[in-house]
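Just passing along the structure, written as structure tokens.
Chain nomenclature is as follows: A, B, C, D, E and F, assigned in order of appearance, with residue numbering initiated at 1 for each chain independently.
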Amino acid sequence: MALTPKRATESATEMVQMVLPNDANPLGFVLGGTVMHLIDIAGAIACHRHTRTLLVTAAVDDLQFLHSIKVGDLIILQSRVTCVFTTSLEVQVDVFSEETLTGTRRMTSTAFLTFVAIDKDGAKIPVAPLLVETEEERRVCDEAHRRREERLQRRDMAKAEG
Amino acid sequence: MALTPKRATESATEMVQMVLPNDANPLGFVLGGTVMHLIDIAGAIACHRHTRTLLVTAAVDDLQFLHSIKVGDLIILQSRVTCVFTTSLEVQVDVFSEETLTGTRRMTSTAFLTFVAIDKDGAKIPVAPLLVETEEERRVCDEAHRRREERLQRRDMAKAEG
Amino acid sequence: MALTPKRATESATEMVQMVLPNDANPLGFVLGGTVMHLIDIAGAIACHRHTRTLLVTAAVDDLQFLHSIKVGDLIILQSRVTCVFTTSLEVQVDVFSEETLTGTRRMTSTAFLTFVAIDKDGAKIPVAPLLVETEEERRVCDEAHRRREERLQRRDMAKAEG
Amino acid sequence: MALTPKRATESATEMVQMVLPNDANPLGFVLGGTVMHLIDIAGAIACHRHTRTLLVTAAVDDLQFLHSIKVGDLIILQSRVTCVFTTSLEVQVDVFSEETLTGTRRMTSTAFLTFVAIDKDGAKIPVAPLLVETEEERRVCDEAHRRREERLQRRDMAKAEG
Amino acid sequence: MALTPKRATESATEMVQMVLPNDANPLGFVLGGTVMHLIDIAGAIACHRHTRTLLVTAAVDDLQFLHSIKVGDLIILQSRVTCVFTTSLEVQVDVFSEETLTGTRRMTSTAFLTFVAIDKDGAKIPVAPLLVETEEERRVCDEAHRRREERLQRRDMAKAEG
Amino acid sequence: MALTPKRATESATEMVQMVLPNDANPLGFVLGGTVMHLIDIAGAIACHRHTRTLLVTAAVDDLQFLHSIKVGDLIILQSRVTCVFTTSLEVQVDVFSEETLTGTRRMTSTAFLTFVAIDKDGAKIPVAPLLVETEEERRVCDEAHRRREERLQRRDMAKAEG
């Protein structure tokens, strides 16, 4: 049965979180690991909304933390599927901080994650195609293909070494 | 006052964790975000042991999840400083799973993280040099420098776009 | 200094969460208390975005759980300021579940919460007015005033008894 | 088989909790959501002790926070079944704060919650009757019936709108 | 200023908790460490109610787990001050499980903990005397003195070795 | 089938943790209960590595907290099997604090825990023998046997009383 193609806008997701004390170091700055955890969840939700399957995280491309986020501030995560491969898909997650008392919003990170669709026995299953309609969407998907090739090369190297 | 150089072995760290139910998805596989959170902490501990300062996470290079880890299994994280820059340093974190009932151990991920040393007002401060003595250590540090240059390029691009 | 009035759309918030095992009872249904906790946070975020002050929760109007939510499903919370009083404001939070594997979305709860704006010594401070422009917005605000009067009566009774 | 009636005193429960840093906002005041979560658990325990069945939360009547509670203080929750309907029951939960260093105790909230008894397939099942013996118990149960009627009306309205 | 003596009944505490999935191992049995954590809190609350000071845990006497506790069951902890020394006091914590669906209650552990009273600079401060009035209370306090002597001996040995 | 004997060094484990705000009291000192929780996990990991079976905690011998540990510091736990009985085994856990900013390391506790090996129906199963080769290992195992006898006596007393 052919899987119905979907647009990226149908699965795009925005998450908001308030930073609680346990998410932060003794100076009150949110831990990098807390942000990574949220990036994984935000990416997973958009991918679930595209695939409507179980998923496992396969890879996270390099991510940088341009600004720090303080306890009591908001973290906003926007995730959007960039490209579908056969049994996996890539999602972009943009992270912003919003100061609760001023509203100042700053981009703090951008990440690309890859998820693999699996059934309940853990076997890989096909993912519905992504409708790529605009020039911009095509460019984003082309870059996703390039990132995927680099990832597969690094993976082969890691397996060869490991 | 000159900071005393240290060897990577002086700060190398091994962390072990048991995967609890809340760290996993409904299939019982540990979430990618949980592993990322632990990678950040394992990297931070080795860097703290090198710098003996406060730290913030600045970047995480691409990481892949080669195998999944189940509830009840162990996660082992080994972290080791690879290179010191001026006010920042890079650390390598290798992640292994160990099946509790069989002892089977598999490498699941390798990550490179960069941390910035800060004082309690958040200002960047110098990091003690790393004693690089063997041929292998020199190679690792050279690669760290190369990764750093790529990171700075991507950062400039992200800031230009953001 | 007069506070600048704001529209409800400027502070309206949507939160998404994935239900994790610890949020649920042994049957895998999310605990009422977990949903209430999220309702409080979603309401607080919209109110913070309106007031840009510190806040404390003053009251939660009756809420019902029309459907149960399972581990692995999504909880979506939409919050929107309904009315501003002098130093407090009311927010409506609508809760939906979304089945991860089918996309079926159902409204599970609606709640009205009141937050009080405070400064960092805990003293009550004025809240920026709400721009009420449409017929519907006016109706919502009128009902909020009615709910507030009932709340104050119950509060006086509770204090008299307590 | 007829279910054995029980007195409210047989299932009445007192819970005590120490407020930890993660339960509070940056000012150190406990979050409304944390208190709501505890109210749900305290209510559920008394109802479990009455029904000895699985339960789901069906409704929470309006609740107010008369005083704030600080990190390090104690929260005391007293729950007591007020009335049994056919497959559901109502419980009253009174919340008090106790300052650790002075012993000062203040009532902060009173809530009424309704739980539905279910079997392990999620089907509603009958609840053992409540022995109502004193004048006061009868008054409490009458009010519970009145609250229930109002709840059902609101529920019908919510379903009609939703 | 002389501290007012108190009875053990004035500070005796009962805590109830529902076991959540994250408190348990993959078989659904609560972790020993979870129970120990609750024992520490239950003991601390009774001691806080006696001393009305800040406290740190100094020692836990041997404790055994006679029965295991399952997810969804209740843990009941009863704590009672047994004896006051100069700047410290001993508390007994009895732990019971209660099966939610049957009401079956079993004692699972008994523990003796010692807490030290401190001011906010961390200096030890005197504890209010304990009113010991019955024969049984005197016996309990005598045994506490004996346990304390054994503890101090072990502590000296540990410090000598450490 | 005879179980293959193992050396203590084959299962010895070192865990490192960073103390987060929620692990501590309002003064920033780690809770005794948090340390106990970690001791249980560190002991369980070494025992799992020896037995490769499921385990439940049966007993914790007296433990003392010689020094307090602050938020932001490291907790290091070293666990090592001391002796194997028939279906249970004893493990020693040494706890150290390490100040993040100075590296100062202090022993804070030593504990002896007993775990029972079980199959997935909860029935006790035999544990692989421990290879005891040095004089020191023999002394440690003899003391473990002595502690076990004392434990069994106390257990019989507790069961007789309970």
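Quick notes on this one:
Please note the rule applied: a contact is a pair of C-beta atoms (placed from the backbone, for glycine too) under 8 Å apart; a residue touches a chain by one contact, two chains touch by 3 or more.
Since the model is a prediction, treat every value here as computed from it, not as a measurement.
The interface holding more C-beta pairs in contact, when B-C is weighed against D-E, is D-E.
With rounding to the nearest 5, the Cα superposition of chain A on chain E corresponds to a rotation angle of 180 degrees. Centroid to centroid, with C-alpha atoms defining each point, chain A and chain D lie 39 Å apart. Centroids built from CA atoms put chain F at 28 Å from chain B. Separating the centre of chain A from that of chain B, both taken as means of CA atoms, is a distance of 20 Å.
Contact of a single residue of chain D with at least two other chains is seen at positions 21-22, 25-26, 41, 44, 54. Applying the touch definition to every pair of chains gives A-B, A-C, A-D, A-F, B-C, B-E, B-F, C-D, C-E, D-E, D-F, E-F.
Residues 21-22, 24-26 of chain B are the ones that touch chain C when the two sit in their complex.
Against chain D, in their complex, chain A makes its touches with residues 20-22, 71-72. Here chain D touches chain C in the complex through residues 25-27, 29, 31-34, 36-41, 44, 54, 56-66, 68, 107, 110, 113, 118, 120, 122, 151, 154-155, 158-159, 162, going by the rule given at the top. For chain C in complex with chain A, the touching residues are 13-18, 41, 44-45, 48-49, 52-54, 74, 100-103.
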